[in-house]
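Quick one: the structure is below, questions incoming.
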């Protein structure tokens, strides 16, 4: 039987009458280019937008990384100043985590989750658009700090009164991505204008507001995805039949909604310290800077799993596909993912082993950290079990996935090394730690995400990326990565501390820093070639079939690119990996004509999410400008809050809307037979 | 053809990693800040625990990595597979799973035990380091024994207060009266007697710093608002290098320090020397002009020099013995002849050997350091590049001294020369 | 609209409406949010039992500042507003729009009384010398209770909009009842959080002669 037969040409929205919202305004529709992308509520388009922005910021963060490595290529180098270096590593970390990996994961969540669970969209399509644009504007705010920094260095502001009065002249954040107080906070007593003296300038304010806005985006998206996964599964799609990627999305989203409030509160407290002279982290008034570390890492450690779990989910989809065999130990993979998420909340203090916690907490967190290696190990064993006895086909996604397992394993092992607190006393804040988390986040997560891109790109655009280029680029990434970060293990053990913008000759660090920098260049070039390959494919690549890999999950049953309504008729499934079972075994998927004569219900597009989130753009620019002392900047903040409130208000009043779309009629498709095994 | 060639790309990591490991084994384990060359009990214990984890990980890596490579090669798709029957769908094997989970827990217990014992060992001066600590065994039962024990510890354990500031360390020896309150503190280079347990009290006056001497002990942070402590002991005489390990602002990379481990008799001499004042300068010399400049250019507001009654500042490093120290500016500038130092390190095959201070280097360093700190101007009329950006020597910005304008505070080359000559007398 | 609404209300996998589910998720997240704020306050309260120093340099204790009668009253008012909210939700489910309006007006009114009490309290404390700048206690107290107050204010705003929206005739049926129920969930949650804050911030100060945390200093009278 052909699975493409369900998808004959479909009624276009052009044939429908223009739709008016409850406000009486015309709703935007899919007919115009730019406004379509700005107003879309289609989870697939939102996913593509997330992916495009994430790839852009990957390159931005990559350029920052290369500048860092160039500075360190030889001892006593002065490629950048100390302050610029500090700003570079702060923005590199922040960009890669919040603007690179998280949105790229979000791109996969958006594009895949509804397809994998057999839904037509997410639970709240407009909220989804709001998450996207809030992320985009948060990223703008964060990176606007560079604009101000370069403007300052170029002397654009020299003639302004507010610039002459500035005490602190750093405009881009320079605190490191975890912005430890009191360096990011205040000291001494607040003056009459409620400002306490501080160590850093408005760069930190940009960082605070940027991360706060990005947090709102992540929270909104996570509420939406949990709701979608729990509530919008196709008939027969029980929780234990969910594809593993969807499962990991669910765990990630739960982690986000429980972890982000801690950083939200910490940022509010820091903001009150800086803007209103409060004393949360001000040591001279009795504030405890250690509290910032606790609050940050209660968020920060789950954040690590927020970054890793989606990549694990991706790999858990790719390995079975190219091994021709179902995932080994599905329930245990799912369960260990949940255990990792749960334990992730219980190990935050291992980032603080050197802060003088005392032996009992140190021991407890040391043991808990070791414990988290168990579920992580279980995943690796099960991936191994998946390959075992299979028929491994080598394709770019598969090679990248194998690379992921290998690199992640290396990162996991160095993680075990510093789960031991006494060993960590030597490794903490040294290059050993840099090596460890880059093995996890770059060798692990980035390779996993790249594998996902190569795997699902044919589904997203209906075009197949060039495999030869993909192999060359992947080879360069893996080679460059190991050259760059392998030696850092040694550098750390040889005593090179992280976040130092230069070092003297004579400490024995010269050779390996040079090697690391060369590796970083190769890695950067590899990632760049890979991205160019993908972007080129999106527009000009060779067209391919809808199921080029012999896929297992529901999205492969759809044509590529996926039509806006996803499923012409709602699928009913009777097994895990139902699509694969259906192709190679008995009947496992049926379709029910849920739309009836009227067609299926599609959500209307809307300007309101974009409008509401634009409020964050104004507020995000205005608050640091207030801190700079720019006159009337307060009005920008008030405008921003006004835009936000009006946006949400109109959003509520315009009504959800929606229109009926006729999908191709399909002859009655019998319900599948349930199997007892699944 | 390409796919066959590149199918092994994923496995390329193996030889690369092997190369890196081989490279590491060839790399020098005895560099200045190496954690792999412990010279004290704390670093030794940390090194031992680390090596436990390394061996465990190497074994696991060989097992799991080996299996992965084997599986990928053994179970690769072969021509003709397209027509082969579909692989039977497995659903995992509970026995294998539980076995592997148990095995991983077992493996972790192997490192958990030394970890726990090391955590308590590193926490504070252990009884074993206090010769008469047998008191401790029965003090709960004896009236006053606890206080007595504390007294014994106090007498037998050297106590040093470390105060972190942006971007230098101040060391105080309260048992010898060498404190900032007594105007006798020691900046950036401190001295400990060989083989004696030292309790370090860590305090910060601004942001978080971290105290790290890789060959002697792993790091503990200096947290503002908290009283952290650690203990160290140097078992071999030598010159050791340390560095602030927690990012602390603009010049974090320049926040270094040194520790000299000396024979106990040497230590006693050193303490006595710290209590002496500087010698008077010769009349009519450059140094005398320099001493006057030290006052008029407001240096005295922050710096202390015993023997110069004007110089009684308490904020900046004490300069009474500045010319006897092997480094300057938060140990970033080395006052030794660099070539002679490297030659000695190579000859002795260790980095703990140290040549003496070279006066010419020291003078050049002094001129560079003072001259660059925003107070002097270069030939182009602009301030010369900071040795340590953000340092607090920009005093004309900090103090609005009546009748002293910016120009007056700047140094001519001659003035710098005189000032350096004066500081050179502070042995 | 009705057709769209019907399509929008396609049965969910769990049988729980999307809106209700997402509100529960938001509240789970908000639990962590308030949990963090309350922990911050309690940690510092434990660390600094001696209260704060006012502008004149006098050592002051927070329990001398508290007007427990007033706060108990505002707590009671907030509890009663929850009762009215429950009545409003029930009325909406029965389609009794007039009863809904009456009850929701009561909720708004009570919410405003609560906010008024808080404004009064803040002004009073400020004049007594507790500011956000002069002590850690001031920072944690104002930020914690202020954040709760913001939640109440958002709830009041939401209900006011809903009240006026009900006159357009569009608030009705299953969807309308659901919208009101979701607002009710939020309102009840904010109420419950207040009970916890009231206990953890106010009432514990009255346990024993020196309060739960102790003062370490002899009690000072005003």
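Labels A, B and C are assigned to the chains in the order they are written; within every chain, residues are numbered from 1.
Here, a contact is a pair of C-beta atoms (placed from the backbone, for glycine too) under 8 Å apart; a residue touches a chain by one contact, two chains touch by 3 or more.
If you're wondering where the values come from, they're calculated on a predicted model, not measured in any experiment.
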Remotest chain, chain B as reference, centres from CA atoms: C
A-B or A-C - the one linked by more C-beta pairs in contact: A-B
Cα-centroid distance, chain B relative to chain C, in whole angstrom: 50
Length of the line joining the C-alpha centres of chain A and chain C, rounded to whole Å: 33
Centre-of-Cα separation between chain B and chain A, whole angstrom: 36
Shared-contact residues (touching 2 or more other chains) in chain A: 286-288
In the complex with chain A, residue positions of chain C that touch it: 1, 3-4, 7-8, 10, 12-14, 16, 18, 21-22, 25-26, 28-30, 32-33, 35-37, 40, 43-44, 47-48, 132-133, 135-136, 138-140, 142-143, 147, 161, 170
Chain A-touching residues of chain B, taken from the complex the two chains share: 2-3, 5-7, 9-14, 16-17, 20, 23-24, 27-28, 31-36, 43, 45-47, 49-50, 52-54, 56-57, 60-61, 64-65, 67-68, 71-72, 75-78, 81, 84, 86-87, 89-93, 96-97, 100-101, 104-105, 108, 111-112, 114-116, 118-123, 166, 202, 206-208, 210, 212, 214, 217-221, 223-226, 228-229, 241, 243-254, 332, 334, 338, 341-342, 389-390
Chain A to chain B touching residues, read off their complex: 81-83, 86, 174-176, 180, 182-183, 187, 199-200, 283, 286-290, 323-326, 328-332, 354-356, 358-359, 362-363, 366-367, 370-371, 373-374, 377-378, 380-382, 384-385, 387-395, 399-400, 402-403, 405-407, 409-410, 413-414, 416-417, 420-430, 467-468, 471-472, 474-475, 478-479, 482-483, 486-487, 489-490, 493-504, 506-509, 511-512, 584-585, 677
Of chain A, residues touching chain C in the complex: 22, 123-124, 189-190, 194, 196, 219, 222-224, 226-227, 230-233, 237, 257-262, 264-266, 268-269, 272-273, 276-280, 285-288, 291, 295, 298, 594, 598, 600-601, 649, 652, 655-660
